[in-house]
Amino acid sequence: MSTLTMALTSRRARRAVWHLVCLGLLAALLYPVAWLVGMSFKPAEEIVSSLSILPKQIIGSNYAEAFQGSSGISIWRFFANSVIVAGGCVAGNLLSCSLAAYAFAKLRFRLRGPLFAFMIATIMLPYHVMLIPQYTIFQKLGLVDTFIPLILPKFLATDAFFVFLIVQFMRGLPRDLSDAARIDGCGPVRAFRSVILPLSRPALVTTAIFTFIWTWNDFLMQLIYLNDPGKYTLPLALRLYVDQTSESSYGPMFAMSVLTLVPIVLFFFAFQRLLVEGVATTGLNG
Amino acid sequence: MTPADPSLARRERKNGMRASTRGKAARVAVAIMALGALVAGTAACGGDSGDDGKVKLRFAWWGNADRAEVTERVVELFERQNPNITVDTSFAEFNAYFQKLTTEVAGGGAPDVIQMDYRYVREYADRNALLEFSDTATVDTSEISTSLLAGGKIDGKLYAIPLGQNTQEFTYDPAAWEAAGAEVPELGWTWEDLAVATARISAATGEQTYGAVDFGGIEDWFEVWLRQNGKDLYTDSGELGYTADDVTAWWELTNGLRQSGALTPADLSTKVDGSQANDPMVKKLAAAGFAYDSSLTAQTFEIYGREIAIAPFPSSSADLGQYAKPSMQVCVFKRSKHPAEAAAFIDFFINDPEASEILGLSRGMPVNQTNQQTIGQTLSGPPKLAYDYEQLVADKLKEAPPPPPKGAGTVKSTFQRIYDDVIFDKASPQSAAERFLKEAKQALTS
Amino acid sequence: MSRYRHDERPAIAYLFLSPWVAGALLLTIGPMLASLYLSFTDYDLFTTPAWVGLDNYRRMLTEDDRFLASVWVTLRYVLISTPLKLAAALGVALLLNRASRVQGAYRSAFYAPSLLGTSVAVALVWRAIFDRQGVVERTFAALGIETGGWTTNPRLALIVLVLLAVWQFGAPMVIFLAGLKQIPPELYDASAVDGAGWWRTFRSVTLPMLSPVILFNLVLETIHAFQSFTPAYIVSNGRGGPSDSTLFYTLYLYQRGFTEFRMGYASAMAWLLLAVIAVVTALVFRTARLWVFYSGEEPR
């Protein structure tokens, strides 16, 4: 009896300690985030002159200004553009990376080894030197100032990281399943569509979430390829508030940052369970 | 990792099947989204000039949202008066703008009308990216002072037209100066006066507020000092116009003031990049600093949290050393298909009275003299300070030097980087100056 | 590993691979070869490249002090930030690896810093926290240690960037969490029966079982750290200061290519970096044989 109560209290105590540790760590980790939110409620002159996290007076005008958009373009337009780009990239990566990964993981062909090595090598080259040649290509094709240079590469599986991730997952899939499909007379195409792809869902979810978050935050590619402010995405719009050669509107910029953060936080919160599950079954140790 | 447990595989399969039915809707949605994106992209992707004889110009510039608003209004005005021309604008902040411009020029997709920084004009012009303003591209420059216009000329050919005028100045906090009993700076004050005054302020505040922001690392202020001593940053042939001894003397002056506590310490000075966020004066950690008068805008007093005043540079010679500098310029891309229209737009942008009224001081003091006077009548607050200051020093200003040579941008950043070694006590002014000269020469050759 | 199947037609494989092949041919190989070619030239972006042979490589290795400085900065950064980030990720993953109703919320909260990416706002926040009179300096001052502003101190600035990297440990954390979930509970039961304490269980069960995931994270985070650019770019405003103390390799490469218009030199730097990363990755894989434990029947 007494040992049971002791065990219970000690378990409860351990749980409490656990919560305390988690919350303590989070307090430290989220301090900068809180600071960011605090800034978004500060008047402009306080932002540059004071380092305190709490505003002396809370104002909403930064948000009002952020919601007005920038240079005659509504904030919803920026949101919509970002959603189109991020959505297009997610679709592209899912489709092309899974196709390529299936070939690398499950099919045999003569050049598999070298091509796979080449694919891994493409992760290693700094992108800055590829920028101008790639831009030249899209410029020659007349595709600059459209979303195509941002989305098309994803449909062509240029994100080798994800191909690699899905390959590792598919390699870990139980062999008997694909064998069964084969015995049923499925060709590789049907096996891919009706067995491998559904089974790879967790890896695909991982790919989708990481792609979404990364393209949502990407700045450089969008800067280079989009000219018309009407096509600007959120990261570009954010930078429109800050210019070191003229006056910067830090208040609306912080407000806009917070607003930009909201969709991906929600997105992550909704999908994080699937994300963990996704990697959990990924054959990382394969 | 093959799951040995068959039930696991079964569960996975079940999940998978469920996903595939549910996935159908998602797939359709995704496909529509992708299609939408492509259509949206292509629809907006027009040719350079349409079939209806309309000319399409692209105008790119750097700046903030306020500048965007007035720019758009001027563009609309221009389009109304020139129904056969449409102007597409795009803008970004300074660093991003030049990253993008570089890529575009290298890839052949640069805008027709390019806002340009003084330090990059020759960089682009020498590489054949800029069009000379001449018969094919005419802009009326009769209302622009010739000394300002000189800042856009290379070997007598005009490649860049100023969009705004500014000049160097000394910003200070009059209240802090008076409180410390320092003598207020005015035309004719000397470097010696500056040393005395800044030391007094630092002492009076117990180094809570330093006399002035350390100005030793900024090539722009070094240039004024050089000109006071009869030298220039660059010779006409594009070589360095000074020696290691000059740099040593300058850095000994500023570093000495820093060591005595009159100027800001290294950790504050190293951040200085022209932005308000990194200006020690804004945080009341310094009572003065050198700047360009275009930095005075309607919000200046709020941002500084106090009233500030401006004065000319100190000089220990008969020469003030300052000059009327293009705060920013505008150029036409060499391969623009519509140079005449591009020039017409620029002409409108700087000379049209209505356009000038809309633009106000968003790009600095108007360069068209008539427009400048018109605007001068309407000003108040900090911009009025700047305007009055311009009138005060106008007859002391000398001609702007021609655009600096290729590599000058690197020299400028090297200047500040190596001065950092001095203020962090890693190098003596002399050895730092010698190293700077070596690196600067390397940057200018090749 | 199954035997080679004779009935498979490689044509099908290339069909599946076709988008990737198209992408590689159109968007990757061309630009990669272009940059390889440019690395042997003097190229200012606007005029025709001029062939200079190995000159860029020679100058880089023998004459360029800033190049060497950037190499040291980058090596220090990689060596310090990668283990710290992985340790943080693993630590939090261990902490979160228990059943709780609020686990999802915690997980999201710990991931939040990584969702921010590296934007202007993050740079401003980060600078302000480590700035003179910022919270970090005041904390240390309260403990009697005078540090001054961190981002503006050449000896501390790199630490600020390391901390920024460590702070955004979300991606490896999620992968570690997933790895932990894969460890069969029976192993822990057996260990408990043996009377092993937490530390021994961690060393004899958790670490070995997790080693493949550690390898995966180690490789990707190392590559990532070598290529790290944005944090230094935004925190030091593109300069790598103070006194070149945060001059990352890629930042210097960028300065050379885009602000000094020496794309040939920048390309040579890129290819040297590629070679170094390849060697390091190969070394990591080589040592992995000694410490990575594969439970599956198909070690690869």
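Going by the order they are written in, the chains are A, B and C; count residues from 1 in each one.
Keep in mind that, in the parts below, contacts are C-beta pairs under 8 Å (C-beta built on N, C-alpha and C of every residue); 3 or more make two chains touch, one makes a residue touch a chain.
Only a predicted model underlies this, so the values are computations on that prediction, with no experimental measurement involved.
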item	value
Chain at maximum distance from chain C, centres defined as averaged CA atoms	B
Pair exhibiting more inter-chain C-beta contacts, B-C or A-B	A-B
For chain A paired with chain C, centre-to-centre distance based on mean C-alpha positions, whole Å	16
Inter-centroid spacing, chain B versus chain A (mean Cα positions, whole Å)	34
Multi-partner residues of chain B (each touching 2 or more other chains)	1-2, 95, 99, 106, 273, 275, 277
Where chain A touches two or more other chains, by residue	132, 155, 172, 175, 219, 239, 242, 244, 250, 281, 284-286
Multi-chain contact sites of chain C, meaning residues that touch two or more partners	45, 124, 182, 237, 258, 263, 295-296, 298
Touching residues (chain side chain A, partner chain C) in the complex	18, 21-22, 25-26, 29-33, 35-36, 39, 51, 53, 95-96, 99-100, 102-104, 107-110, 112, 115, 118-119, 121-126, 128-130, 132-134, 137, 153, 155-158, 161, 163, 168, 171-172, 175, 187-189, 192, 210, 213-214, 216-217, 219, 235, 238-239, 242, 244, 250, 253-254, 257, 260-261, 264-265, 268-269, 272-273, 275-282, 284-286
In the complex with chain C, residue positions of chain B that touch it	1-2, 95, 98-99, 102, 105-106, 123-124, 127-129, 266-268, 270-271, 273, 275, 277-278, 406-407, 409-410, 413, 417, 420-421, 424, 426, 443, 446
Parts of chain C lying in touch with chain A, wherever the complex brings them together	2, 4-5, 8, 10, 12-14, 16-20, 22-24, 26-28, 30-32, 34-35, 38, 45, 92, 95-96, 98, 100, 104-113, 115-122, 124-126, 128-129, 131, 133-135, 167, 171, 174-175, 177-179, 181-182, 211-213, 216, 220, 223, 227, 229, 237, 250, 253-254, 257-258, 263, 266-267, 270-271, 273-274, 277-278, 281, 294-296, 298, 300
Interfacial residue positions of chain C with respect to chain B in the complex	42, 44-47, 124, 132, 148-149, 151-154, 182, 237-239, 241-244, 258-263, 295-298
Residues of chain B defined as touching chain A within the complex	1-3, 9, 12-13, 15-17, 19-20, 30-31, 33-34, 36-38, 40-42, 44-45, 58, 60, 62-69, 72, 88-96, 99-100, 103-104, 106-109, 111, 273-277, 282-284, 297, 299, 302-303, 305, 328
